[in-house]
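Shared chain: chain A. Partners: chain B in the first complex, chain C in the second.
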Partner chain A sequence: MKNIKILIMILALGVLGMIWTKASNSSDALTPEEIVRACYTHFYYAGNDMKARILMKLVDKGGQERIRDLTMLRKNYAEGGDQKYFMYFHKPADVKDTTFMVYKYINKDDDRWLFIPAINLVKRIAANDKYSSFVGSDFTYEDVSGRKPDEDNHTLLRKEQLNGKNCFVVESIPKAPLEYTKRISWIDETNFLPLKEEFYDKQNEFYREFQAQELKDINGILTITRRVMKNIKTGHRTEVAFQEVEYNVGIGDDIFSERYLRRPPLEWIR
Partner chain B sequence: MDKINKILYFTLPFLVLVFGPWTYPIYAQESPIHGFLQTNYSVRVADGNPQGAKQGNLILGEERIQLKGSLYPSKSKIGVFVKSDFYRDEVEEDFNVDFREGYLDLREDKFGLRVGRQIYTWGVGDLLFINDVFPKDWEAFYSGRPLEYLKIGTDSVKLDIYSDIVSMEAIAIPSFVPDDLPSQGRFHFFDPYPAITYREIDKPGTTFRNSECALRLYRYIGDFDIGVYFYKGFFRSPAMKADNFTSPSTISHFYPELSVYGLSAQRSAFGGVANTEYGYYDSLNDRGGEDPGVDNSQSRFLAGYQRAFPDDFTVGMQYYGEWIHQYSQYKDNLPPAFPKKDRLHQYITLRFTKLLKYQALKLSLFSFYSPDENDYFLIPEMSYNFTDNLQATLGANIFGGANDNSMLGQHNKNDNIYTAVRYNF
Partner chain C sequence: MIKRIFGFSVEHPKLIILLTLIGTCFFLWQFPKIKIDTDPKHMLPTTSPVRVYNDEVDRLFSLHTDTIVLGISNKEGIINTNTLKKIALITQSVLKVKGVITQDVLSLSTVNDVIVKEDGLEVRPLLDKIPETKDELGIMRKVLYDNPMLVDRFISKDGKTTAIYIPIEPTANGKAIADLIRKIVKEVGPPEAYHLAGDPIARDTFGAQMFMQMGLFSPISGMIMCIALFLMFRNFTLVFTNMGVAMISIFWSLGLLIGMGFPVHIMSSMMPVFLMAISTDTVHIFNEFYFRFREVKDKRRAVLETMNSIASPVFYSDLTTAVGFASLATGAIVPVKVFGLFVAFGTFVILLMSYTFVPAILMVMKESAIQKALKREDTKQDKVQAGWLVKLGSLSLSKRSAILKINLILIVFSVIGISRIHVNNNMVSWFKAKSEIRRSDKILNKELGGTSLAYFVLDSDKDDFIKEPSTLRYIEALQRQLEQNPLVGKTTSVADYVKHINRVLHQNDPKFEVIPESKDEIAQYLFLMEMSARPNDLNNVVDYPFKRANIWVQLKSWDAGVMHKLIQAVQKYTLNHPLPEAKFKPAGIAYFNMVWNDEVLWGMISSFLASLVLVLGLLIFEYRSLKWGILSFIPLLTTIVIIYGMVGWIGKDFDMPISVLSTLSLGMAIDFAIHFVSRFKQRYKEAPNLEEALVWTVGRPGKGIMRNAILFALGFAVMMFASLTPYITVGIFMALIMALSSIATLIYLPALIVNFKKSLSFNERK
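Let's look at the complex of A and B:
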């Protein structure tokens, strides 16, 4: 009997010890690929769906501002997998009532549709230009909908603090040549959100910088509510505020259809 | 009747736009009235103005205000939208109202009903229209007015039915509206019988039998956008009636009956978007193909491809064909004054678009070229957004061809340069 008790104690200690080691080393044990994948899913796939009013300020070197004010609806079809996006533009005046829809696929080019209200036209648009600017901002289409982690080779450079937060610093080198040759990301160790990213161009010069400026807990999901993308070379920057963010609001599949492109779903965009 | 219409079109938008805002603040804080102020000028660059030109080489000159407002109270299924232009026409030297759109909307879960003046755009072509059988203002397009003015609103009833299997748009148009074609005084164009200047134009009357109907079934399936179309109505450009086509003494125009049956498909392919469209034009008044004044039945088809390249550069190309079904009857009955068409009439179009300066500057070139008629039409355009609200456009319409009687070649002397400055609010 005594022996059994000792045996149980030893086993229990062993299990506790294993749990303890696992917990304390959990982030250490992560490979750079796992860190980037966690960042990708936390940043681009938060919730099952999301609704947000997005205010973008496009500011040029001289300080002149342009505005893009839109409502975005996003729905996930698999974590880290296919997604659908619906956007309705409130401002500026010349694009008011324009809607834009994206079916994002993991293994092929996206499908994109644009609705132009002045002529009641739904237009399918080519989607192979992931690096062109999203509505004239410093964000590319890929910045908006995410880059698949397996498209790059990742290396953990170091761990360091950024504004008091413990971060992984990961270098990502695209496997196929593209607009940038290197990206360095500061990923928060506790919540896996990207707090800063630096992009390097073909001359290996630092030219674009992403910064998360404000994080808020929304229905238990930590969300970057203010972010900025700066072009170091042109002096142009885009400040983005996510307002009225809501998760898991039950956006139906039918929202992502030609019907709602032509007649925006008022209950969702107001 | 026209007078009553004019009064109606003037007062209706006026009332909505003036009184609409008073009812609006109950529902929303933002200004419910939007629109723009715009100046738009176009001058002919070639020598020689057409007969009847009122202002020399000025093809288009106008100052315009557009006001639009909508009211969709929350929790209500009914809404209203109005868009109307008021403008000064410098060529005609008068003021005008252009009631662009105005409708009442009913939104239900499985269907929608829209009653009033509406603009429709169907099909997958880029400036090539097969199953888009709705009225167009070609004069606006050829004289450098913004693209939205190519489309004319039609007073109609539209029923939408939504379902997962297939969705449907059914349109009934009680009163026929023809295309606006290049008019005398503003444009040079080919006329086989220039000596006969008096022409009656007979428009289909507004009767139940003459009501046009158009149907579109559509669905997204297996990565394809599929459309099936049906139309019963009239040709929108006039046909010709003559006492004798060889040496006529009287000529009149009318709009022959037409049915169109069509299909379209588009999807992502080859790293871009590929699309195709077909329409059978059933010329109901001339199924035998013997009447030289009325178009024969035709098959119209197109195939297009567009692709995006790095740095906001997009290229689109299309092939378009019109195949005459009763070609031997067409040839046998062709009057000497008419140019002879090939059995297959084709266009190749190219579009280049380049965006610069964070998309504030847009450079584009659209070109039509017909290998059988050997004519072309080029539209280079540059537009710049100085701010979110202020935009300026400079462009040209350049026509050319081997013959002055072909579709585009007849506009050879209509080359023009246009500008538009618009302030959006």
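Let's look at the complex of A and C:
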């Protein structure tokens, strides 16, 4: 009898083991490309549209700060596809009323427009440099609006826990030469949000780090509400807080126009 | 006490030699721990105000003190597809070099520009797309010349030269990085010419070459001195002993320095040469021994008598030398202190060896060998030389009034020369005019804004003070004022950026190349810049709260004097145009070099003056007589005054090498005088005939002095073939110092003694 009990236990363990391997196989079944694509859509395309008050703190090595206080409106036109952004700056005080609009295209360079209130001028800015700094912060334009997954080659390095969360650790190497030569991302297995990213420069040295510091559930969408980008080499960092985040609020297409650049839509930016 | 020491050495010569060898092994054992520091910058401690402030400015404006400039020029002009491709390629490769601060490398292919297009603005790195067609090249040319901030920095006025500015980590070695860059441009190849310049290259190349040349020339000088010694004494054991004492003192003092954990700095790397110079003092022992041995024909007695008569002058000449060098420690510059103290230690080692090792060697020498050597010396040169010296001695007595007059005239003439001395330091000029560093620097300074860099930091207490139109206009006016100096090649400030954006936003209309009227407008332009340029472009010229602004001043000369003039210009301007809310402070590498020049050089000069006073005090104490003290001080003083006078007259800058050199004269000229005066007094006590005693002293200890001087001048003459100008200077001036101090001792001193015989007393102790 004893033997049978042991036999059953062994069998049960075997079955459990098989189920467990199968379960982990199912997530293993995701290719690194699929993981990164899922991260891209979950992080940059949440909701059909989004409205948020964004507080950025730029801190230099010596601890001196500059503030960026803006309202951002974003509208998706296809999941993983074109997007439009509208930004209104509340602070610094002397740039108040400055507005900035980006049409992000999936197959060509962005279009950007800037309204300069002091001289009442809207300028179209053609910038083919996605790697330049976003309003002087440590984030590049690409960090703000996302990098297309098929621009890099991805490898799943390992799976590991980060702050108690199971993560995929994916290495992405740009196909064309870029400001950085390698990016390693810690992507949460359950919600596909990037919890940490490390960037390596041309000397193959770790120089920039992204960290998600606070996540909140907003209308059923898990959102990174506090994030920081740190430049390891310069000691400069940018802390970003997303406040008053709302999804699927029904932002109209007309908002993203030169007319509203000059006369910001008060109902959206308050 | 002293008698007991050399008495013991004479009794137990083998034991003494063994002990010396053991001691030497112990110090040699420290050598593997050697740490080398070739950076002259480290002469100033990290806590010195200029380093602290420069670091603060670097932090405030995200700057890097050490920047290498790579010039690229093409006789046909650099705006052609091939050259531009090469610039992009080189930049890419440079970014990969370890130690290079990647994010702040500035070249045509990394710097962003805002370009006016029909349907708006375009922000992109200048060389984002390499122009291929004639039209595209034309646009590129226009873009470059339309932006005054690029002209003279990224493109020369004639369009033939561009530059890549490569900041490096403070810990990186400028020479090592420069070597890698040289390899990169070699692979890219002609027809373009490449020029590497910048302070870190000069500094680290100088440091490295200095060590190399020290390693090369110390043994060569040593060898030449060996040959000269052999020709003088005709005995290998003596040659070996003499050089042995030098080596022992070098090993002991360097071993102690290394063992105590000090790095071997460029200053301490000169210790071997100095100690070799000081150790030639032992020549006096051999010189006297040869005379004595000939007289008494008994080795043991000759050694003891030699030591008896020479112990005191050797003691005092080494003591004054040691005290002279030790007094360098009164200054504030740490490597100079270390150098002074360890040379002093080495001098004591030489003194110890003179009492122990030297007599011990003399004791173990075979008498027959000495006799042989004496014979050879006798027949070859002794009579000729001694005869010549005796004649010289009597001449200095008979023509003494003429000698004194000539000397007085020389001194007056020299003092006038000293008043013309120009204290300056320019590290680039330490390289020969034909060296790569000098040529590159010259070319880049001619074609572009200048390789040296100064900052003037406007410092206010008010946030956003810089955004005021009046502040920007003030900065702009000050820039124009600074540019009046012909050695200022280019100035750049936040005012330039604001003006450029103003113009770009107004259809590139040159009319708008002015400071806007309203603060908000300026603030929004700066904001636009933050949205479009590399963040550091703006950070380099304003701080975070917009309290401070930084004016970049590119200089075409590394002379410390230029910076002095600029500081005066700013002071004058701010005095005539008061700006009560703010003040201007200088910073940057040019300012650092100026302070370095002032502090290190003046530090050395004041330590040197202190050591002169100390040595004088010591001499007075030694002779227990003010007058004799002053008298034996005169050869040293004369030598220094004449040398400095010459420096003034020929218009050579009084720089670091010259000031190091003057400390060496301390070690030599004073020895000669002490030997002369002590031996003269001994002789006079034995046979009180003034003139006879003087002529004897010139003929006998004088021979030792002449031998010492010749030995030394020869050893250093080799340095005239060095590749660094400071060594050539040292080589030439050393020969001069030797000639001057021996002449001053052998001709001037006897004349003085006779002239002032009435006021000098000859019957004190000693």
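One rule holds for everything that comes next: the second predicted complex is superposed on the first by the 244 of 270 C-alpha atoms of A that agree within 3 Å, B and C clash if a C-alpha of one lies under 4 Å from a C-alpha of the other, contacts with A are read in each partner's own complex, and residues count from 1 in each chain.
Just so it is clear, contacts are C-beta pairs under 8 Å (C-beta built on N, C-alpha and C of every residue); 3 or more make two chains touch, one makes a residue touch a chain.
Source: prediction; values computed, not measured.
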Superposition on chain A - do chain B and chain C clash or fit: clash
Touched partner set for A:100, first chain B, second chain C, both or neither: second
First, second, both or neither for A:233, with chain B first and chain C second: second
Partner chain(s) touched by A:108 [first = chain B, second = chain C, both, neither]: first
Partner chain in contact with A:201 - chain B first, chain C second, else both or neither: second
Touching partner for A:66 - first (chain B), second (chain C), both, neither: both
Touched partner set for A:133, first chain B, second chain C, both or neither: both
Partner chain(s) touched by A:92 [first = chain B, second = chain C, both, neither]: both
First (chain B), second (chain C), both or neither touched by A:258: first
First, second, both or neither for A:121, with chain B first and chain C second: both
Overlap of chain C and chain B interfaces on chain A (superposed complexes): 58, 60, 64, 66, 92, 94, 118-119, 121, 124-129, 132-133, 135-137, 236
In the complex, chain A residues that touch chain B: 58, 60, 64, 66-67, 91-94, 96, 108-111, 118-121, 124-129, 131-133, 135-138, 179, 236, 254, 257-259, 263, 266-267, 270
In the complex, chain B residues that touch chain A: 28, 34, 36, 72, 74, 105, 107, 112, 118-121, 124, 147-148, 150-151, 160, 162, 164, 167, 218, 220, 223, 225, 266-268, 271-273, 275, 306-312, 314, 355, 358-360, 385, 387-389, 391, 422, 424-425
Touch list for chain C against partner chain A, complex: 59-60, 62, 92, 95-98, 100-103, 112, 117, 119-125, 128, 464, 467, 505, 516, 518-521, 523-525, 527-528, 530-535, 538-539, 543-545
For the chain A and chain C complex, residues of the former touching the latter: 58, 60-62, 64-66, 89, 92, 94-95, 98, 100, 113-114, 116-119, 121, 123-129, 132-137, 177, 201-203, 207, 231, 233-234, 236
